[in-house]
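In the part that follows, the structures are each spelled out as structure tokens.
Shared chain: chain A. Partners: chain B in the first complex, chain C in the second.
This part shows the complex of A and B:
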């Protein structure tokens, strides 16, 4: 069987008819009545139950109230229907379930600079909810899979099991699956772009500075570029490329005549007390390049520098490249210039100096640690170091 | 010999009919695997069993297998299973106490969450080390055969709040195919010789001693999905879920 472009086109055309569009959700609607949507709500409720009792949930009333407040501000009339959970997960993500259950990860809170940028993401998720994207996606996936199966069956029935182009042969099943995957990914990208546009309107309407929306993606692009992070092949990516999103949001901001707030002060009040814990979790992923870029940006902003230089020291200590012990020691010392340096800074400074064969300075750092930390749990270990001093 | 009919150019032969009959024949096929830690002491008074909120999900598989959770089927299966289990407990002479569902998303009271989470983790371990097929089952060198797991003191709040002797947990999942998928499965078997799974269920029940926290009994049920519109089918499934209950 020779390569048949017509067969491929027929497959693509058939799939093209699968896209489902549903009406926008009206505020205040009770439980859905349609079978698919009821099913999606049921599954979302189960997922919400496990998140609600998850150990990863950030149970800090001040932060929870703050994030829910920003969500309410952008979702306006839909506010009572949306429940936000902040989860301690070191990655940039937020997600909305069809029943209004929303997750915001701490990796995202670390990577937005202010309330307006956080509002951009929450408004994007609100758009997914009000436009019922999950239902559209589910119904489209179901129809696409069914049509694909029917088409494959028809081709097999007609004796077309393999399509060969020259010496290479492909099964019609594989080709069909690839086309379907590409089609569903393109559909998802369209939804994401729509949520970006609609979300932008919501955040601007809520009184946030339009220019901040694009900066969310600028921060991510910096990490992607500096660390050469892998991106999925364009054909199968579920989201548009960050650059494209940045350009679109920048364009929307230029066209907007509105002005608004950045809300940096409130954002810092709510997030700074938690930031150290989130940074520790980021460090635990060992994505040290991303951590380096993130810390560089946060240090430039200048809040809680003691904490930030401590984590920069931790980054070098763990990375272990040539010269990193010295870099770590310098970062810990810099951290100790600021009141926000964690007590552990003295101990870690002692450890890197010990490893760098500078026992006298290490001893000084360990003694300061024991004095400042007041009977820490690891006192026995630190004393063991001190006993081995020359 | 079965008769044959012409359907276009394809004949509905014995093979076709056999394929169509497979889902129906399997519908009656349900296996249970009860595990008992030890025989329970005989009680002079009826034992008080706390029935925890069951975790039930019924899904529908479309022709190509994309699953859709069915809220209506889930509600029917859940209500029916609870009633069947309640009746079976009564037959065993046990006194049934129902867990008071909390308002809101999470049905459990805050002080019971530790026991609930620990039960889930322990049950997962039991499934891995006791119920997995022998060739896939990992050995636990320091643990003897049988059930030797406990939720420990985490069950104390349940014991205190409900004055119950045991807690009974139920999990049940089933997947049922649409008519189109069942037909497709039969047709593909006839034409290409492979059979798509069309109907499947799995349930697990566990009994926890609220004095010690010990897992005293578990039962794994596997088979075809039940017909949620038939009360007798649900009742039968509920009774089978409690096969070997040591009360």
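This part shows the complex of A and C:
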């Protein structure tokens, strides 16, 4: 995704103009009130229609209900007008359109530790929605007489439109643009600060632990710092993190007299059954450094360790740096200490041992795979491998 | 592997392929068509063809509905997608799944699945990897299932082999369901069986 040059252009346009302020949205009154707002709504509705039928939509009633429930809890009176769609996209992002259509990506669900952290992000988006930041930003841009430029760039979600998704063989335009929109919304510093404050109030009022708010950003900043990402996680494009914002959220938590829940248990119940699939998607992006940081944090937390060590093995196997075959084999072996290790762990162990020129152990691992997996659909291929091994 | 912008469009937004990229070549039945000086196949029917150095893409109804990708001589460091155009960063290119010398059948399955996933395919499932002859030599075959981002389901068939010197030949067919995959499946199976190594 290349959004920076265009981002710079529009930011220049936006910063060159005067900020416009619009009235806060009242619950149950979500209707476009003027021509420019109608345009934003129309575009949002179109995007929502695409998402509703998208193959990326997570069609798991339990998970959908759970995420919508958390959204409802933080948005309170606004709940009936917000519609949440969870999308299978391996990046950290959530975005809410001016008409109350919200997308939450699975990469976010992998990177928050508990319900309170998820609520932090959803409350932040709710704040942008109720404070009508998209319209505010749109009007500010228009006031700079750069409406044409902004329109050409596809400014929809109150931010910067960039439609450049690279060669996407099975991404057919609408959803590609929609996903891009997740990368679009670039609010002003003031709007972000306001959404941080208001979002914090919403999540605390909903009964979540105030100290969790800053942790979301701290975790992401760590991932970005460790991996020196030239393109930051998607949410960073729209909500640039900074030490100042992190500090502000920490201060708000320290000043808060309220306590609250982290909601970790409910979060795990809803997300763990899907986590292996999301990790597989992350792996396919080949952002292996980010995957390493993520797995390190998940392993520290300790749930489903067999699955996590298996993916750590996959990570090393694919990375292929010096010593990675041994690291992969060690991770697979560790995974097999736990009942949650996928059956394929035996096969992958066999593959790395074979590649590491340890044919006897490789053969043993393949034979164990055939025994444990009970007629896997690649059995004939594994048997063909075994014919070439001692 | 280098590719023209046309090929990027072909791989990306298939509907534009046959209109905006100049005249595609035609492949005719009965003419054994040569794929990258590595092997030939009998096309069985008439196809539209776009060609790159190591890749040909054949289609009848348009690549978003069905497409046959024929790769020949994929070498260490090659990807199964064309060289990036201006809209992709170097980092994104580096993150593309690549073929490496020493890969075996399971690695190729993984390479194909990851390439499709990076191309926008969702829920990519590779199944029934099994030994199969490719032009009379030891090779492999597997099946594919995935969904596009607008919810269209696809099925696929793939066959390939790794040469003595570690290069990959691969033929990959993908068709939308319910109609397109089924409509061409028998033809595709005959094409896969018609491989003659050069």
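In this section, the second predicted complex is superposed on the first by the 315 of 390 C-alpha atoms of A that agree within 3 Å, B and C clash if a C-alpha of one lies under 4 Å from a C-alpha of the other, contacts with A are read in each partner's own complex, and residues count from 1 in each chain.
Assume a residue touches a chain if its C-beta (ideal position, glycine included) is under 8 Å from a C-beta of that chain, and two chains touch if they have at least 3 such contacts.
Predicted model, so just to flag it, every value in this text is computed and none were measured.
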item: Partner chain in contact with A:40 - chain B first, chain C second, else both or neither; value: first
item: First (chain B), second (chain C), both or neither touched by A:255; value: neither
item: First (chain B), second (chain C), both or neither touched by A:88; value: second
item: Chain B versus chain C as contact partner of A:53, first or second or both or neither; value: both
item: Partner chain in contact with A:284 - chain B first, chain C second, else both or neither; value: second
item: More chain A residues in contact - chain B or chain C; value: C
item: Which superposed partner A:375 touches (first chain B, second chain C, both, neither); value: neither
item: Touching partner for A:355 - first (chain B), second (chain C), both, neither; value: second
item: Chain A residues contacted in one complex by chain B, in the other by chain C; value: 53
item: Residue numbers on chain C that touch chain A, as the complex places them; value: 8, 11-14, 64, 81-82, 84-85, 87-89, 91-92, 95-97, 100, 102, 104-107, 113-114, 116-124, 127-131, 140, 146-152, 154
item: Residues on chain A engaged by chain B in the complex (per definition of touch); value: 35-36, 38-43, 45-46, 48-49, 52-53, 83, 138, 141-142, 145-146, 148-150, 153, 156-157
item: Residue ranges of chain B in contact with chain A within the complex; value: 57, 59-60, 62-66, 68-72, 74, 105-108, 113, 116-117, 180, 184, 188, 191-192
item: Complex contacts: residues of chain A adjacent to chain C; value: 1-2, 50, 53-56, 88, 164-176, 179, 230-231, 281, 283-287, 320, 347, 351, 354-355, 377-378, 380-381, 384-385
